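Both complexes shown next keep subunit A, but they swap its partner, so subunit B is in the first and subunit C is in the second.
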Partner chain A sequence: MTAAADTSTQTAETRASWALTLPALMLFVGVLVIPLLMTVMLSFHDWGQYKGIEPVFILKNWQEIASDPYYAEMFWRTFRIALLATLITAVLGAPEAYILNRMSGRWKGIFLLLILGPLLISVVARTLGWALLFGGNNGLVNKLLMSLGLIRAPLPFMFTETGMVVALAHVMMPFMVLSVWAALQRVDPQIENAAMSLGAGAFTIIRRIILPQIMPGVLSGAIIVFSLSASAFATPAIIGGRRLKVAATLAYDEFLNTLNWPLGAAVAVLLLLALVLIVVGSNALIERRYAEVFR
Partner chain B sequence: MRTNGPLALTFHALFVVFMLAPIVVVCLVAFTPEGFLSLPVNGFSLRWFRTIASYPEFVHAFWVSLGLGMVSSFVALLFAVPAALAIARYRFRGRDVLAALFLSPLMIPHVVLGIAFLRFFTSLGLGGTFAALLIAHVIVVFPFALRLTLAAATGMDRSVEMAAVSLGAGGFTLFRRVTLPLILPGVISGWALAFIQSFDDLTMTVFLAAPGTETLPVRMFLYIQDNIDPLVTSVSASVIAITMTALILLDRFYGLDRVLAGKGDPGR
Partner chain C sequence: MAFLELDGVGKQFGSQTVVDDFSLAVERGEFISFLGPSGCGKTTTLQMIAGFLEPSRGAIRLEGRDLTKVHPAKRGLGIVFQSYALFPHMTAAENVAFGLEMRNVKRNERAKRVGAALAMVGLKGFEERYPRRMSGGQQQRVALARALVIQPSVLLLDEPLSNLDAKLREEMQIELRQIQRTIGTTTILVTHDQNEAMSLSDRIVVMSQGRIEQIGTPQQTYERPASAFVSQFLGKTNDFAANVDRTAQPARLVAGSWHAPAPVGVTDTVTISLRPERISFADSGLAAKIVTRIFQGNHWLFQCETECGPAIVIRQNDGSPQPGEGEAVRLDWRVEDMSLRASGGAA
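Moving on, here comes the complex of A and B:
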């Protein structure tokens, strides 16, 4: 093929690809990018009980969030809950993925379906299940913990952060298992056998061979779980009740109860910014630390 | 390859119990014959499933969710299939940016999307309408439709297409008779996954739904906020049954791990 023909094929390909992607691009610019920009604008508007939203440019909402300790406490609670839920998913989900990966074909398929399936079941239904299990002082979870002798008096789970963390960890667990599972698929089982033939024990193999190789999977799972937990709505709203607010439920309140849209928009934009910074920052750190594995 | 020891299997059993307990509890309570919540359940009755029929708001919400899920995932495919074909085949300027934009609804918290859509559609005078819900759902399910179609289009054998071209096929005929049948499993799975996402979405939809356009998750959520009784567990159990059916079909048809891992995802 001559250079000229090559260039013309390239032009034709570029034209074809733009023609194919243009409808979707227009949809996304019109119905996603513009609404997001409008929301950022909204967070700078003024609002009053009687005058409603005034399209002016002021920093009132941002100053209120920065100065009122209520918001600092609420954001701190949001990220604390998300972090604890992430830790639980990592500590339980990573070993489970490893165990799953060592099962034989048929069992592997069945349990993978059982553990990943809940991901697609309505979050409302799953959280309702936890509300039923927690239910008051003689809920099933408390009865179980007391009969095992782990606790003496019933623990409060409903309307507490503990309950929110447990339910969130359950809701997010499939993402962690999936992420570690994907990392395990890249591990060569022969390395494990080689270590064993050289006399390494089970614990040494996990610590020195498996863990370093699946760590990128654990960390990228942690990023997904953390960002989804920090912006979760259904679980904190149902388990936390009306008083224990996190960022998403507070924004919902401002929009649909108080009707202070500009303040709600500011809370949402701040949540988005914080998450983008955390996700991009930790992604960069992971990629630098584990450049070898990703190559 | 070593096998799992007794300690690992005990951990595994406890883990599976943890994952299934809330779902099993909802389904058990749904069959209670009592007029109140009780655990453990004594007896078995379909009483609360029959009661659903006398709550028109739940029945109406179910039809809204079903229609919304089916139409929005279909519309999403109309935009996603051409885009996936372009991204899978051609290396053009802006390709990575476009792919990132199209997958961005996965990254943006749904609460932010809900607020953005509420603001946008209200200012257009479309607040609380089915049309607004539909467009918002198309955006949210788009990444799922795109990813599975993309995976199918990337793995497609193009020699069949070339044979068709050499025999004189072109344009839409080529797409309808050759390309589409080849990528159909991916397209159908993309539709099913998009449907499930739309059918289950609460966080974004709760901002947009008004009385009359409330979806089933929104109706369930608002109900739970007031009180938790066996009625809402029987509605949840029905939703779980619907999702499980879709899931098993999806697993048979395409493989659940492939669906969820989103193979063929650019940049990953």
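Moving on, here comes the complex of A and C:
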């Protein structure tokens, strides 16, 4: 084959591959990139109670977010809740996955289904379940505890950060369990026997042998849970309501209640930027930390 | 008293008996192989010695004390796993040091012993490598060093060479034997590879369906297989039906046109079991026709159709002319090269 023909086949191949990816690329640009860019632009527009949205370029919304401590407090609350929910899922989910992995065939199947089951139910339904259990004087658990005389007043759950953290941790648990589970699948089943034959006790085996190997799974699960929790809408909306706002519910309210679309857009864009930074940053850290061991 | 003693050991999973009445006495410094096809119970037996499984019956004693009462972490046995089971998040040196750390060996002493162990398996300079970045053979050596550095009373090897390619396996066999001879650790090897078992062990325990078929030196098990299973499993073998002709004086053992004086005590019909390399082409003997002739470098392999059924003959390639395909030949062998079994027991 001559060099010229070679080049022409190559260009033809390149063209073909572009043509083949074009439909997916157009969809990606059309439904994700363009709306995202429009949202970014929207965050620089002006808005007034009577004049509505004015397509001008000003920094008003961003200045408001930066100067008003209300927003700082709200973002701080968002990430605090996400971080606590992530910690709870990690502390409970990692042992859960480990125990699940050690179960024998039939039980493993049943319990895996139990853990994944909640994913089949709407987040709204699951969160409302918490509200039914702990919602004020009429919550089932509250009623029971009060009738037993264990508590005087209903446990504060609704409209509290604790409530939000607990409900979010519950909703996000399957993601953590699945992520750790996937990491456990890569662990050599004989490795615990190997450590035991060298004289290690049960606790040492978990701390020195198992935990370091499933840590990448815990961390990637943490990234998933954190980003989903920080951008969660349904759970904070139901548990926190209007009183305790997080970034997602605030953006929603600006869009649909106040109708201040530009401010809502600025909040949403800031949340997105912060999440991307956190996720990309921690992912890079994890990859560097474990590159040598787990390719 | 033997060093390691297994006395009527059995293992049952539900209603299924995996190991049955396993008794063996291992002397100090001996190299023993458990040989058998997969599912014969050899790995189960090894795991019972290691303590990962509890025997359903019988006793395991090390230097007279009951081993089954000792927690696996306290047995002090060195184990090399089929998958090596190295700790992927630790370097080669850290892997080897782990057992010493568990024994609270001081840091200086530890470093010295780890270095010596790695040098022994030929991995000097690989201390800081992670297992992922080592070849299968190197990982195997790390696993061996890790098992040996704790100076185990018994070294247990669970199909350690089965994941290596043929050439490397042969090298590792020689090396394993040398290391074992040098340090004199009592060793038990589980394998399904008869060549591996024969080239490495002092004694072979041939197992089938959870039972011991034969315990003996490699020569004994090869030359004098105790059962049809052993003769079939350890290399190729020919079985000929033969009977005793009492009309002749003295009585003769007859297989087709081949005959020899009947050995004492042999009556009626028997099965002659014969290794292919012990058969020679001669002027008289069992009539046969060569079906195929295969050249295999250092030897020729003949597949023959004889009066008593198909047979395999192996002749050394010593330069002498060999019969060709389709040629009629006579097969002969020395009486002492065959082993006899009562008929009906043939596989």
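Remarks
Operating definition for what follows: the second predicted complex is superposed on the first by the 256 of 295 C-alpha atoms of A that agree within 3 Å, B and C clash if a C-alpha of one lies under 4 Å from a C-alpha of the other, contacts with A are read in each partner's own complex, and residues count from 1 in each chain.
Everything below uses one rule, namely that contacts are C-beta pairs under 8 Å (C-beta built on N, C-alpha and C of every residue); 3 or more make two chains touch, one makes a residue touch a chain.
From a predicted model like this one, the values you see are computed outputs, not experimental measurements.
Once the two structures are superposed, subunit B and subunit C can be ranked by residues of subunit A touched, with B on top. In the superposition on chain A, contact of A:Asp188 is made with subunit C only, not with subunit B. In the superposed pair of complexes, A:Arg207 makes contact with neither subunit B nor subunit C.
In the superposed model, A:Met196 makes contact with both subunit B and subunit C. Within the superposed three-chain model, A:Leu32 lies in touch with subunit B and out of touch with subunit C [touch as defined at top]. In the superposition on chain A, A:Arg289 makes contact with neither subunit B nor subunit C. In the superposition on chain A, contact is made by A:Gly135 with subunit B only, not with subunit C. Across the two superposed structures, the residue set of subunit A contacted by subunit B and also by subunit C is 193, 196. Of all residues in subunit A, those touching subunit C in their complex are 188, 190-191, 193-201, 204, 208-209, 212-213, 292-295.
Subunit B makes touch with subunit A in their complex at residues 1-5, 8-9, 11-12, 15-16, 18-26, 29, 37, 39, 78-80, 82-83, 85-87, 89-93, 95, 98, 101-102, 104-105, 107-112, 115-120, 123, 135-136, 138-139, 142, 193, 196, 199-200, 202-203, 206-207, 217, 220-221, 224-225, 228, 232-233, 236-237, 239-240, 243-244, 246-247, 251, 256-257, 260-261. Within the complex, the subunit C residues that touch subunit A are 50-52, 72-79, 81-83, 85-89, 98-99, 102-103, 130, 132, 146-147, 150. The touching residues of subunit A, counted against subunit B in their complex, run 13-14, 16-18, 20-21, 23-25, 27-28, 31-32, 34-36, 38-39, 42, 92, 95-96, 99-100, 102-103, 111-133, 135, 139-140, 167, 170, 173-174, 178, 181-182, 189, 192-193, 196, 202, 227, 230-234, 237-238, 247-248, 251-252, 255-256, 261, 264-265, 268-269, 271-272, 275, 279.
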